[in-house]
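Attaching a single structure in structure tokens format; questions to follow.
In order of appearance the chains are A, B, C and D, and numbering begins at 1 in each one.
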Amino acid sequence: MLKTPTIVLNVKTYEEATGNNALEIAILMDKIANETGASMAISVQSTDITLCAQKIKIPVWAEHIDPIKPGSHTGWTLPEAVKAAGAIGTLINHSEHRLILADVDTCITRAKELKLDQIVCSNNVSTSKAIAAFSPDFVAVEPPELIGGDISVTTADPGIVSKSVDAVKAVDKSVKVLCGAGVKNGKDVEKAIELGADGVLLASGIVKASDKENVIRDLASGL
Amino acid sequence: MLKTPTIVLNVKTYEEATGNNALEIAILMDKIANETGASMAISVQSTDITLCAQKIKIPVWAEHIDPIKPGSHTGWTLPEAVKAAGAIGTLINHSEHRLILADVDTCITRAKELKLDQIVCSNNVSTSKAIAAFSPDFVAVEPPELIGGDISVTTADPGIVSKSVDAVKAVDKSVKVLCGAGVKNGKDVEKAIELGADGVLLASGIVKASDKENVIRDLASGL
Amino acid sequence: MLKTPTIVLNVKTYEEATGNNALEIAILMDKIANETGASMAISVQSTDITLCAQKIKIPVWAEHIDPIKPGSHTGWTLPEAVKAAGAIGTLINHSEHRLILADVDTCITRAKELKLDQIVCSNNVSTSKAIAAFSPDFVAVEPPELIGGDISVTTADPGIVSKSVDAVKAVDKSVKVLCGAGVKNGKDVEKAIELGADGVLLASGIVKASDKENVIRDLASGL
Amino acid sequence: MLKTPTIVLNVKTYEEATGNNALEIAILMDKIANETGASMAISVQSTDITLCAQKIKIPVWAEHIDPIKPGSHTGWTLPEAVKAAGAIGTLINHSEHRLILADVDTCITRAKELKLDQIVCSNNVSTSKAIAAFSPDFVAVEPPELIGGDISVTTADPGIVSKSVDAVKAVDKSVKVLCGAGVKNGKDVEKAIELGADGVLLASGIVKASDKENVIRDLASGL
């Protein structure tokens, strides 16, 4: 399980994070994590898990799994396959890849069976609370309207973070909470932790930055 | 583009074809293709494309792409990503992973932009004809009720193959036709070609066989 | 809000419950409810809400709403439209019509805005608990494998009912619980109530019965 | 079958066309069709089919059907149900309600079995051609980026109309073609017919107009 507080990068399907570009970012995060002792993980496209997992020591995560078992499921993402490729955890129900309620349950169950850690994404306080009922490792709350934007959730809507923490803990104290959307620097990370979160989930803040090393170091300083 | 007639294996998400198991099958097909001169390709899970493409010479294909461009699409299958991982083509609209009509169009367009070959799956004659309107490289007709079964489509429903060939060619002569479902041996391949197909698409016939080498050699003998 | 304990019939899209057939069943339930004082409601296809609501006094429900507001949503089910047609409540997330987690939230919110009562369906205990986080009027737990079968959930899996009641009440005491799948007679209804449920949700038990009047009277006797 | 050239109104799920508002528009179109002899039809929400079909003589259409047969399909739109409610035809695959390719085929087949006329929507020339392979009564081409806008497809992109007509007729001469998106007045209708279309499909042009009667009369003058 990820040591907390933590910074989790989701590289999405950005061109700047496909194939060798993903590997470069992974190597950079790995170097900084090693130097600073910061807890960091990187979530990459299915195609790039093996590439990254062979070269870095920080945890490589999948961006998604489908609610399936081995069998006839052409082109879907098998939990066993991301595990075999080297992932140690997986995002579930990202706001860009939402799942049917019963499938959120099945994906969490399948991940637990395979000892894949889980970060399950929510869009508001009541959804965070609902997800807590399935006892995943992490709930990551991200208001969809702030994703990819310039203002951090911790500034734009701090209440959604602290209320999600309260709602999740009321259902299951063992579930940790991340927050995301617009997170860009060390102060945003610090604020997230002040609000009760166990870390942040971010994407464009790193992937789209011109000086990625500087941004990652700054984020790490906020832990 | 695949030399025809051809045999295309879709390994789906079978346990027997995940991670190193996929690689073993890929190496076996590569060896037999090399020895016999048969045109063969293998379509593997996204997670396994790099693993296989680094080790074999026959074409590695993706099982699916999503109708997206680089950007914010967490966990979806980016055409650029399967290309970067080493795939030279992709299945589209497999009966286990059906797409919205407009997305079939978009996926074919995106694959052509990236010079990824396309095999677009259909479930009957009129759907084969509809797909031909998009001028993909191949249409692969597979009656869903025969997929994974013991009787080859070429025996159970030869008319669907010959009529799909006629319907496709009436719309666009340059589109090639494969057939699949229940294909297991060299005679099935021979019959497919007699019916006007340019080859076969199969899955369990190889993946679930106890003596895979024998089965692949027998299939190759039918070309 | 439905008086509890209650019997809610979901007529699905059965031929025996389409158009005038739906109206006949609605009139029959209305008559028996009136005679016996039993709390009963009928959930019908969108096309049949007006037809039934004009003729009966027991509540008419919709089988589904989509997570939309008035606007450009051709062919989707607008909550305002089922309300205008005469529905006083709606099923949400039936196992045959499952919704994305965030859309379960949106549908419940939209229904509350319009004062439409809500029965939100779940497939197991943890999903029942998750749904309770949204505080709908009712959670209806139905194990998918028992739906349409011959054995009542109250006999085949009584634990799923009592555990769902406990899990739901632990999250929000005001949420009521129904159970369904295989419910056919008054004893099943009695047992459901003994297990802590506030009533039953059923479909084929009435719709497919040759003597519907007898079955409805027997069910009502179990309240 | 609709007499051509024709004007088909799709009222979507606009507030101005829900319940009694839909009925008012239907009565207005009916009156003008009767007075002018123009061929017109109105496509309304499932909930409003009965309401409208009982009161008007011009054809009432459904906005959507699902690819199902009578049975266990809670909350989906059964073709038999829209027929029983009084619809004589149905839109299929509207750009706001797109279907999987194989389901476009199934919906057309189901509609033909029930003698429901079909207007199948496409988003571009190649998709229009693909749909023609299924031989529906009408293909309606509507560029999604122009839907709901101020400029008629006949002005903004006349080529998509004439090329769709050619592509559709090359596959099946008996299939008629409508065009839509931004259509607002009689000149747009005239131009559509000049471009080879058999009529127009429109929505906001009528529904959002302050003087609906004037707009409908103007549109009718273009036939």
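The rule we apply is simple: a contact is a pair of C-beta atoms (placed from the backbone, for glycine too) under 8 Å apart; a residue touches a chain by one contact, two chains touch by 3 or more.
Just so we're clear, the structure is a prediction, and the values are computed from it rather than from any experiment.
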- Could you work out which chain's C-alpha centre is the most distant one from the centre of subunit D? A
- Message: Regarding the subunit B and subunit D pair, does the interface count as same (over half of residue numbers shared) or different (under half shared)?
- Response: same
- Note on the structure: Cα centroid separation, subunit A vs subunit D, in Å, comes to 44
- Message: Based only on mean CA positions, could you tell me how far subunit B sits from subunit D in angstrom?
- Response: 37
- When the C-alpha atoms of subunit C and subunit D are each averaged to a single point, how far apart are the two points in Å? 34
- At which residue positions does subunit B touch at least two other chains? 95
- Note on the structure: Checked against the stated definition, the touching pairs are A-B, A-C, B-D, C-D
- Per the touch rule, the subunit D residues reaching subunit B in their complex are 93, 95, 98-105, 122-124, 126-127, 129-134, 167, 171
- Note on the structure: Counting only contacts in the complex, subunit C reaches subunit D at residues 10, 12-15, 18-20, 45-51, 62-64, 68, 70-78, 80-82, 84-85, 91, 94-97, 147-148, 203-204
